[in-house]
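The same subunit A turns up in both complexes below, where it pairs with subunit B and then with subunit C.
Right after this comes the complex of A and B.
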């Protein structure tokens, strides 16, 4: 023990008494040492996050009030923000993100239903369990290119529709805004299904079986058990899924939109993150793009905070 | 004074340390010297490095790889090419790399405003080229902000000419349809539609157009020819002329009618994909510049023909022309530590000997030098392109003159107009509004 050693070297052991100034620094308590160790352990992570996340974020805030082209910057105050809020292109881009956000309840229901069916081991569940996650592990760029080819006007989807006698459904999928959104949302659902099912399967396995059995004994049918017993138990998982995908709907669309539609036709499916990319790197307006990033950051911050608070109301038990 | 007695081991250690110390400066000097000879060259696919008709052909089989090899051997250099994404991605990549100052020493890029928007990262090259060197290269107007031939402030070296964009077609299909491009080629849009109707009647789609060519080749020509070419385009940019002028709206309207003769989805079709429709006999024609000739001849042989895009109206100030010119240029990054070697590299590639070899390879765009004979091209089509490119009726690329924002707007609105979601008036009004907004700053 360290304390024993200290006692052994003290005056009682025949050592000389040191003057107060020359005495060793006061020893730290166990709590202080633990705090120091914890801080030292966390420091590399803090430094990393600081350098990789907070420094660029602070830079974006600072650059957002400048006219910056990557080389030279000129202070312009809030001009970039005024230009953004007065720009049709920004609101059109935001509409794309909102469409994706509004599509989240749909994929939530699909994921829930599929997860419950897998959990209840319906016929074919073994096969489906082995393939449902595949779209999630594919790169968004790969999926995007695939869909661009599949849904080209002369592509396989339209050819197939023609061959099975559904020529009336042959559409210029990527050439009009509504059909382009159909393709984009199809990609979104296809890629999100695996993630959602995985989350809900994990949550389902944590639902107490005796609760379900008790409900069954009480005469509750499948639907009643699902709505009255299982779904209330899944609220934390649902909250996580919704918050995660809502944030994604605002900051994660770039790869899909860029590869499938390129933001077109016109600006019809351009998302805010793609708009930022175009302004920054294709047109060299990095100050304006920084201001767009700040606006997007604030939008996501407000929505996420509101949602977390809302779900807290349903999940916190006093 | 006593001296320590060194053991044999200590002696050896001391000797090794001293030897290493003496060798260090040499190693450092050699390393610096080697660094000085290293050169990074970015090619966004402008100089061909793949063959759509022969996927087994390696990068080393192409002219540019062999030219780099020759440069390295002649100069003891270590120039290396990195192939980067083309189209708009080339600008994103160069800009981001340049902000971080880890971009290339030399790059080939689209010229005009595409290049000039990077001005802050570019080495001014005016002092590095003598009047004699400049005189044998054409297209200097594409690398300076005034768009004039003799400007001193140049930020690149025109790398080649795209020739004159025109209609490339399958002779057999045209013959079957009774369309004679040599003798009875349409003089205006109305006659052009009639020829396209004849082609359509054979069961083959008359045209396959791609997502950039459908705007910057046919529409741009029909618009520019009516406003006296480059002069009128400049007037559009500075606001002396409007996109909503009746002749431009009429040109847009006429261009929109081409959609019914085209493989559907042109507004989202990759360039290579559009060409494949022609090469595989699924479309009768496409529009392109001289860069398509090599692949076209390989795919269709003697059946590969070339004719100018018909005029919109035969009374326009410029007729029997097309869009084209020096669409690409070499640049040197101003943060490069090997600028002299980079300039030597460009001069080497533009030398008479190298240009001759490039012509003989038949690859890519045609030459923009005055001292190499047209007859060195393997295809007579390239020689004709060279001739066309020098004619005053060849109008410089509109998108290389428009500001980047206006180019983006034109493409975005063209997608909607082409698919019938905007009228010609709405299309031109939207572009005009954008131009006005840009002028207001």
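Right after this comes the complex of A and C.
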């Protein structure tokens, strides 16, 4: 360690300490040594990600055109994809994800309104900010189980509705598809409020104060300042929130759907990721499940591409 | 914005905020209160207060029947191993991508970061088959490997962005003082990256503690399960005894809540980094 002395002393990073300086160092330029050090630094990370993420992802593509049971795979061409696109189950599952995606504007507005109210800094606002975040840190699985209990037919929600004279709203929440979606979206909103509020509060405090003062001097009222000056400044934060939740709506539903409804009634609230899980780990159709996961990956890819475009636009017009 | 309000406006705002706070907290309070009820007391009145807080059989059952302490130990152990593994590979990689000069640096960084968009579910089936062939399915090593690997791209993204801020001169100075690569990494880069490392650690720990999918798929026997998976599976089998199930959910919720109470500021900063950068 004491000799040599460049940051780029490759072999030392690998951990084999014998006499590294003598063997590796003398004939190498500084630049080559730095490259060796970089190689040694990157290798473990790329090895781990390569073996556990990239290779299986490539496998998912390769196996998606086969009939695969984990041991033997038989090439079937595009049969899996044809079966997927022709099956009601897939479209029903995709509908679940789309319902969540379409619910994003609603929670976006709620979060914006609450953030603006908090930003008025009425007494107690810090307390409220902390409280709203508590549901966000809990596990979606735990929250899902909790909500299943709350919305059970004999559960507390129906009990409370009865007590306040709203007996007509005492529904078998989880037994019909529309009401099951009401519960699922409630869970989504309940867990997302804290995240949205924090993001928008941070964005609000980053709005340059002189912009607001200038508008005030020109005679803009509270509402005009909000819509004309402040909201446009929040657009990058809004874009981030929407894209984050859009991706989540397609790949993050497993835990809450699994726990709240189990995907039912029937396939009514099954999301695509839960559908993949059932096909692969309960029915053993690994080729079909692989094709499904490729389809899901492509959907996410399209959303991500749109995201990159979106963010490029905001960073260049900055 | 405007901080001086008419008292009525202020009151109206507070009322709206308070109503939302009730909605946010009620399910959690409900969970905590009903853990102290018998199954019968719950069925007669699911919304009222428990008759007292001396009924702790649900908590005892958690410890004795469900061995909740072992579930906690399992989860903590898996998380610790995954953290060690992901940090051990992420920190040097981030340093190299941020501060070293070598061919294809940009391309390698892009490749690593682009991996963030691969959904876990996409690679899950093939990785399951692969780890089954390695014979480590149903061993916690499978969960540790998958957790760590999936965390690396995001961790490298954040850490390397932060490490770019380390002044080149600091590293040059260390080099002229005779510090080798490893020394520079451990004595200069690592201490300067501690705040970022803490953010990443909090994020990883909560993600893994709350994860259902991966431990559910890879760990089949009850004694290897994590707290979250146990709450959604083993304890769910006792859903007729709702207070018992609620007690289990309460156990699973306490660590994230504690972490949040202790590290609120850090967590807020960590969440917001992505949004403002």
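The rule is simple: the second predicted complex is superposed on the first by the 256 of 318 C-alpha atoms of A that agree within 3 Å, B and C clash if a C-alpha of one lies under 4 Å from a C-alpha of the other, contacts with A are read in each partner's own complex, and residues count from 1 in each chain.
By our rule, a contact is a pair of C-beta atoms (placed from the backbone, for glycine too) under 8 Å apart; a residue touches a chain by one contact, two chains touch by 3 or more.
Being a predicted model, the structure only gives us computed values, none of them experimental.
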Touching partner for A:277 - first (subunit B), second (subunit C), both, neither: both
First, second, both or neither for A:59, with subunit B first and subunit C second: second
First, second, both or neither for A:91, with subunit B first and subunit C second: neither
Subunit B versus subunit C as contact partner of A:70, first or second or both or neither: both
Contacts of A:150 with subunit B and subunit C, given as first, second, both or neither: second
Greater residue coverage of subunit A in the superposed arrangement, subunit B or subunit C: C
Contacts of A:159 with subunit B and subunit C, given as first, second, both or neither: second
Residues on subunit A lying within both footprints (that of subunit B and that of subunit C): 70, 148, 154, 277, 281, 286
Residues of subunit A defined as touching subunit B within the complex: 69-72, 148, 152-154, 172, 174-177, 261-268, 277-278, 281-284, 286
Of subunit C, residues touching subunit A in the complex: 1-3, 5, 10, 13-14, 16-18, 20-21, 23-25, 27-28, 30-31, 43, 45-47, 85, 88-90, 92-93, 95-97, 100-103, 105, 108, 112, 115, 117-130, 132, 145-146, 148-150, 152-153, 156, 171, 174-175, 178-185, 206, 209-213, 217, 228-229, 231-232, 235-236, 239, 242, 245-246, 249, 252-253, 256-257, 259-260, 264, 267-268, 271-272, 274-276
Sites on subunit B touched by subunit A in the complex: 88, 91-92, 95-96, 98-99, 117-118, 120-121, 263-265, 267-269, 404-405, 408, 412-413, 415-416, 419, 421
Partner subunit C, residues of subunit A touching it in the complex: 1-10, 12-13, 31, 34-35, 37-42, 44-46, 48-49, 51-57, 59-60, 63, 70, 114, 117-125, 127-128, 130-135, 137-150, 154-156, 159-160, 163, 190, 193-195, 198-199, 202-203, 206, 212, 222, 225-226, 230, 236-237, 240-241, 244, 247, 250-251, 254-255, 258-259, 273, 276-277, 280-281, 286, 289-290, 293-294, 296-297, 300-301, 304
